[in-house]
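Given below, in the form of structure tokens, are the structures.
Paired with chain B in one complex and with chain C in the other, chain A is shared by the two complexes that follow.
Moving on, here comes the complex of A and B:
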């Protein structure tokens, strides 16, 4: 009886898990299928599964006549620049917040966070006006700069938690060993928080890559990013779902690859052995 | 190699006085141990010598040079941390070489020095490993190696053995002693373990949390033997020795040529004569008054009838047999001496079954484990302290 009972519980549990998984992965699978199925079967219910896969949507969006590949390059430029600009500001700030005592530290930390709490849409118009006034509207730089307002606060919080875990004694040992502040930073602290740097960069990259709101108002025809390209298929004359799906699938790839490759860094553990384990 | 002179050093954290009026001179090649209970400022003082904490007052003179406000990197000190603080991303070799690289030594010189230190510490086969792949004892040796290669003016050690298990600690303690004989570098060593303090220190400085009464954290600086035989005050007497010294309130009275000290509330009275106590005159001034009398547990013994021994019958509440020694715990109907110290790091402070006192005798001489047991006290080894000043009364 007891055995049967546990078996039933197990089945119920797995059924629930499958349901939850379907909820998360279902839309992604549906989107991938949407990009390769004939347009006529796009919204049939129940979904038609025995269709002939057609990669036409990908060539139409990426190569001809679409310009999504160029937009993907734009996205890459914006996202990589966002990462490169992010770390030199967020790492020293996180270090200072982790190590130094100063007045209003808590307040400052919360103030950073408040930037993340407001909906970014609220800032769109001010940023647009600002960038137009300084003559940067439509440039990569405008998008990269504005994205920092969200990625830097987040990165500071993330990096601070990593730096907090580096024992102070290690830095003190380096000071006594004769290392300067810069040497301690580059040869002792940064190597120890490498997983943190990677994770922070990952999040900054993915954020910048996926962000559609800022490029929507700040990019030009020439600098439009992939999310903008995806949105452009919603037109007055109709919505080409196959194209949207194809562009979105391509847009999904870099974040997915990044997470797969750097997955292990999300689990930290490099500082082990510094102090008594 | 250098001398160290700590002059009237003070450290305040806001309103709180962590350290005040601490002055100690450390001779060239000497090992000074700083010992004391938690919160006595011993680690703070060590960190001030290293330059990791700023001085609020006083001076720190190392090798004749005032280093009070000099950066740690320019002080020529090496430190071994309690948790070792090795660089986890570097190999053992790189860990030891780091300090030398900062001093811009040639690569081959660095290699020679590091391998030399590795040989002394028996680490040669481990130089390519990272700290994470080492045992506690090996990490400890790497931390030592990092200090040795630098050949600094002074070694600073912050409880370097406290993270090791008991057996390894005893072994490393012996190795440290050998190492210091080999290297002969001035060393300041912090510990809360008095066995380490007594075995490793040429001299030991006993520190206590700051109190306005004494006006300094420093209680006494002396050789281990002197600290044990002639503790300057009740704090030092209670801190040095394990189990701790028993303190009784005693009445002093004249008796013939000598004095008699009676434990208050009991009829236990010790005859004090010039023969056993050559400086009895100081104590004679307390005739008719009460003092604090201290008896170390080890100066109880099984009855032998030898001269200078005073028999006592004690109601033993419980005894602990620790191999060759037995600790007998007892209580007497006498007021508690208010102890202005804590030995929070020692487990044997709290009495067993309400027993406030203990005696230590050889297990083989034990006639029973509880109940009335006849013992004797070595009268020559009694200590006396002034009740108000807590200072030792020489006898």
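Moving on, here comes the complex of A and C:
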């Protein structure tokens, strides 16, 4: 009796799980299929599933003429630079917020957090005019700089949560052994939080990689990133869905791989370290 | 051995200043990146300035821009749509996410793999999610329309995105698809921290599954929940890329959000004065919302 009960329960649970997965993963597969299906089957209902895969859209977008491959490189340059620029600002701040007690700490933490809640559109025009005035409009640097309003607060919150986990006693011991502040930072603390540094960098990379708002106004034809590239397909007459899908799949892959590889840290990353997971 | 005696007063003073020295660079960089746009918008909100007509502000017009924003035909529909989107979106995503989290908490074989894969929608750039759903919603052979017809609820003839009754719901649906997994996975992590012995004790006391959810599990995940609720609410409040790709706020004003109205004023009409006034109105609203929420939700946090 009980055995039968648990069996039906199990079947119900698995059926529910299948439904959940179909709902959340199905659309992604459907979109990936769009990038490899013959254009004639893209809008055929009921869905055609037995087609011969065609990598033509990837060839067109990435190789010949490859309008989007340069944009993929631009996305990489912008996202990697945004991460590299953010670390020297955020790691020391995270260390101070983790290790020292001072007034207004809570206010400061919430102030960083509030930057992540700011409406990005509100900043677009001022940034566009600012960057035009200082002659940086259309450069990688302009995008990398303004993305710091996202990457620095994010990294400070996340890195603080990792530094919090390093026992102070280790630093005290090093100090008693006569190590200087720099030595403690670079030889003791940083090696211990290396996993945190990697996770933080990878998630900050995804933040910058997925950002479309800032490149929308700050990039030029030459420095446009991948989201802008996919966006431009829509303003042209005659939408080529296969090409959009191929470029979008290339844009989707790095964040997906990063999240799957750092699965253990997903909860922590998405809540800026506030939830350990 | 002797370093305590040798250590002069200077390092101590340095140590007192150290936290500020470590924090200052980030604060200075961020302040300059944030203050410039805010002050720029504040100044120009009092000017008539259309970028198509002049590279410089044209004329001081006092509060006229603010009046124009607040009494303009877009403002109220935008505000209403934005509130509908952020309130219902957050509630649906939280409720569905909790349901999925409870399902995963059964921890049957295969569920941990599912949990790992479930995050995928959340990792995608909102612009790309927009394309994905534009394809699904396409009136000429999109999967969504076909499925809806199949279950006996055919979409409007103008298409899901082309009808003013369904456009906003379609944006909401895409957002729910992308962010429910986020809630599910974070709440699942919260549920795992509920100790099994507590659940067992409640069960022995004859508590129903429903009572256990409301009285034990939910209170324990609330600390986790407060932060993701405000994050998501504010992201929804600021949504504009999804609107840009899916509907451009249309048809009419039916899916206009505050973020998209601002985009339209500044980057389509190039009316910098008007957009600047909108910016300040939105910034003030966001600040009130965040401050209120932070005062309530983070009251008992340790820093």
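Just so we're on the same page, the second predicted complex is superposed on the first by the 253 of 277 C-alpha atoms of A that agree within 3 Å, B and C clash if a C-alpha of one lies under 4 Å from a C-alpha of the other, contacts with A are read in each partner's own complex, and residues count from 1 in each chain.
The rule we apply is simple: a contact is a pair of C-beta atoms (placed from the backbone, for glycine too) under 8 Å apart; a residue touches a chain by one contact, two chains touch by 3 or more.
Predicted, not measured: the structure shown is a model, and the values here were computed from it.
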Q.
Quick check for you: in the superposed arrangement, does A:178 touch first (chain B), second (chain C), both or neither?
A. both
Q. Thinking of the overlay built on chain A, is A:169 touched by chain B (first), by chain C (second), by both, or by neither?
A. first
Q: In the overlay, answer first, second, both or neither for which of chain B and chain C A:92 touches.
A: second
Q | Touching partner for A:109 - first (chain B), second (chain C), both, neither | A | second
Q. A:121 contacts which: chain B (first), chain C (second), both, neither?
A. second
Q.
If we overlay the two complexes on their shared chain A, which of chain B and chain C does A:69 touch? Say first, second, both or neither.
A. neither
Q. Regarding the shared-chain residue A:137, is it in contact with chain B (first), chain C (second), both, or neither?
A. neither
Q | Touch count on chain A, higher of chain B and chain C | A | C
Q: Go through chain A and flag every residue that touches chain B in one model and chain C in the other.
A: 176, 178, 270-272, 274-277
(Q) For the complex, give me every residue of chain C touching chain A. (A) 3, 18-20, 22-23, 25-27, 29-30, 33-34, 36-38, 40-41, 100, 103, 106, 108, 110-111, 114, 116-128, 131-133, 135-136, 138, 140-143, 145-146, 177, 180-182, 185-186, 189-190, 224, 227-228, 230-231, 234-235, 237-238, 240-241, 245, 258-260, 262-263, 266-267, 272, 275-276, 278-279, 282-283, 286-287, 290, 294, 298, 301, 303
Q: Provide the residue numbers of chain A that touch chain B in the complex, in ascending order.
A: 167, 169-170, 172-180, 183, 187-188, 191-192, 270-277
Q | Complex interface listing, chain B residues touching chain A | A | 50-52, 71-73, 75, 77-79, 81-89, 98-99, 102-103, 130-134, 136, 139, 146, 150, 163
Q | Residues of chain A that touch chain C when the two form their complex | A | 10, 13-14, 16-17, 20-21, 23-25, 27-28, 30-31, 34, 42-47, 88-90, 92-93, 95-97, 99-100, 102, 105-106, 108-110, 112, 114-127, 129-130, 145-146, 148-149, 152-153, 156, 176, 178, 181, 206, 209-213, 216-217, 227, 230-231, 234, 241, 244-245, 248, 251-252, 255-256, 258-260, 263, 266-267, 270-272, 274-277
